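One chain, chain A, links the two complexes that follow: it is found with chain B in the first and with chain C in the second.
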Partner chain A sequence: MIQDEQHPTESLILQLAIGLLFPFMLLFGFYIIANGHYTPGGGFQGGGILASLFIARYVIFPVEDIDSEKLHSLQRIFLAFILLVPLFFLFSGIITQFPLLRKPYLTIMDILIGIQVGFGLGVAVLRFAFFQGSGQTWHL
Partner chain B sequence: MIDSFILMVMCLFALLAIQTRLLRNAIIHLAVVSLLAAFLYMRMAAPELAIAEAVIGSGLVTLLYLAALKRNRVYTIAIVGNGETSRLADRYMHHIERTNALHEIRQFFLVREYEVQVVFIPETLEQALRNEAYDLVIQEDDSGIVAYTDDESYVMMELEMLIQMRGAQSDLRFARYQQTGATLQLIDPSAG
Partner chain C sequence: MRIVLCSTLALTAFLAVTALRTQYNETLPPFLYDNIIATFETDTSAHNAVAAILLNYRMYDTMFEALILLTAIIGMQQFLPRQVDIEGGQQAADEEDNHDTG
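Entry: the complex of A and B
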């Protein structure tokens, strides 16, 4: 439990519960992303779970130490890849020549979309939490 | 059969969400509505949508609302026991909860849409006053209930003025204190 002047303390129940769930949420998000092409789920849903990790972290530890500018530019890079990968796979005709590549292609697209959505929603929420108002961090 | 039952429960929780006056309860009710919608999608053989609804509706949006509620300040009212009653914490707290004074204080915060939480603390009065997490400290003595407020808090001054204007229908008295550095000084303890 972190407890000093700069870090306002949250309740121990929240800290323990979210701390316990955190790795499972991470694992579940990547599971949904990785199995998106043949089970329900996929990039967007998994990305939503990854984004909720950012907010969960903010709820138990409201400190402004995530560089949201960096996250924003990372998210833009992934967005560029989302546009470039289909261009490479579909327009060059590789998919039709090698049907075995279909599954890897879908998985790659799911992972890219998942990380992009996760960073995008995470940045939106962190901006909302940190940068509106006076920039001061409130605690319960 | 199950579907219509779930739909009715959804309607119930949606109504509860707009009827409650505490914002946090409304957020949780909305999360329940979203979760039931996800279950309904599942029963209608749309698992993809169900996952999206569960993740976005009841996960992300709930957490976002809670983070937004955090920016809205929560006022903490601390109730301090007096000596011999501190062992009977539950009964003492119920006794205080039922008093007219606490009801009026709650109404004051509800009308202004501030979130308020009441805690019973085992600390002594001086420790409670020094702790900056408590906005209002309440202690019962022989003549009634005394509310200790910080001299610099405008909201508490407003509360004090409002309750004094209502007249003597509640047995609530106010005492202000001022904290400068390490010294704690009561200002005019017989106010009210």
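Entry: the complex of A and C
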């Protein structure tokens, strides 16, 4: 539980409920990403769920201590991999010569897209939240 | 006057296209649909046709869709003020004035 002089205190119910749900949200996001080529879902949807982790953290702890520049640079690195992996595997024709690589390719692309979308939406939400708050914390 | 002319033109075009559409109602056989449904599993070894289309048949679409998010965030970082800008805005403006006069 987070409670001290500088940081605003949110309600105990919210903190405990979101603290309890947090690992399950993480698990559900990665479940949707990893099963993207078997079940409905995939990178973009799972990335949205991963971004909801940032929102949940913001709801119970509205302090700007996540460096959104760092998240943005991580997102750009993952985007570079999203552009490079298909160039290397799909467009070069490697994947038609070795069909065993198809499933690892799908999984890798889903994971890359999921993490990229998660970071991207997280940066967007945090930027809007702390712009709207603009110095004042926002209580539920 | 210009608005009336423009809206009349748009409305006439819309009505003409709708009339043509109802007169010559042509439906193509869904050959692409049938082809993708029949072959996606052997082509891409994905068990989900949406994943097969997103990550194999239409890969360029997915790549540039991921790029859209980056563009949106770059736009937000350009146009939204940061907290530092709001707090230190007046001070920075004063310093700039002093620098100009000095």
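Side notes on the structure shown:
In the analysis below, the second predicted complex is superposed on the first by the 132 of 140 C-alpha atoms of A that agree within 3 Å, B and C clash if a C-alpha of one lies under 4 Å from a C-alpha of the other, contacts with A are read in each partner's own complex, and residues count from 1 in each chain.
What we mean here is this: a contact is a pair of C-beta atoms (placed from the backbone, for glycine too) under 8 Å apart; a residue touches a chain by one contact, two chains touch by 3 or more.
Everything quoted here is computed from the prediction, not taken from an experiment.
Superposition of the two structures on chain A shows chain C fitting alongside chain B with no clash. When the shared chain is aligned, chain B comes close enough to touch A:55, but chain C does not.
In the superposition on chain A, contact of A:40 is made with both chain B and chain C. Look at A:24: by the touch rule set out above, it reaches neither chain B nor chain C. Touching more residues of chain A than its counterpart among chain B and chain C is C. An angle of 90 degrees, to the nearest 10, separates chain B from chain C at the C-alpha centre of chain A in the overlay.
Once chain A of one complex is fitted onto chain A of the other, the partner contacts of A:88 are absent, as it touches neither chain B nor chain C. Residue contacts after overlaying the shared chain place A:128 against chain B and chain C alike. By the touch criterion defined above, A:103 lies against chain C but remains apart from chain B after alignment on the C-alpha atoms of chain A. Contacts of A:32 after superposition on the shared chain: chain B is touched, whereas chain C is not. With chain A used as the common frame, chain B approaches chain C to a shortest CA-CA distance of 8 Å.
Shared contact residues of chain A with chain B and chain C: 40, 42, 44, 121, 128. Residue ranges of chain A in contact with chain B, taken from their complex: 32, 40-42, 44-45, 48-49, 51-52, 55-56, 58-59, 62, 121, 125, 128-129, 132-133, 138-140.
On the chain B side of its complex with chain A, the touching residues are 47-48, 50-52, 55-56, 59-60, 63-64, 66-68, 70-71, 73-74. Interface residues of chain A facing chain C in the complex, by the touch rule stated above, are 36-40, 42, 44, 64, 72, 75-76, 79, 82-83, 86, 90-91, 99, 102-103, 105-106, 109-110, 113, 116-117, 120-121, 123-124, 127-128, 130-131, 134-135. If you check the complex, the residues on chain C that touch chain A are 44-48, 50-52, 54-56, 59, 62-63, 65-67, 69-70, 72-73, 76-77, 80-83, 86-87.
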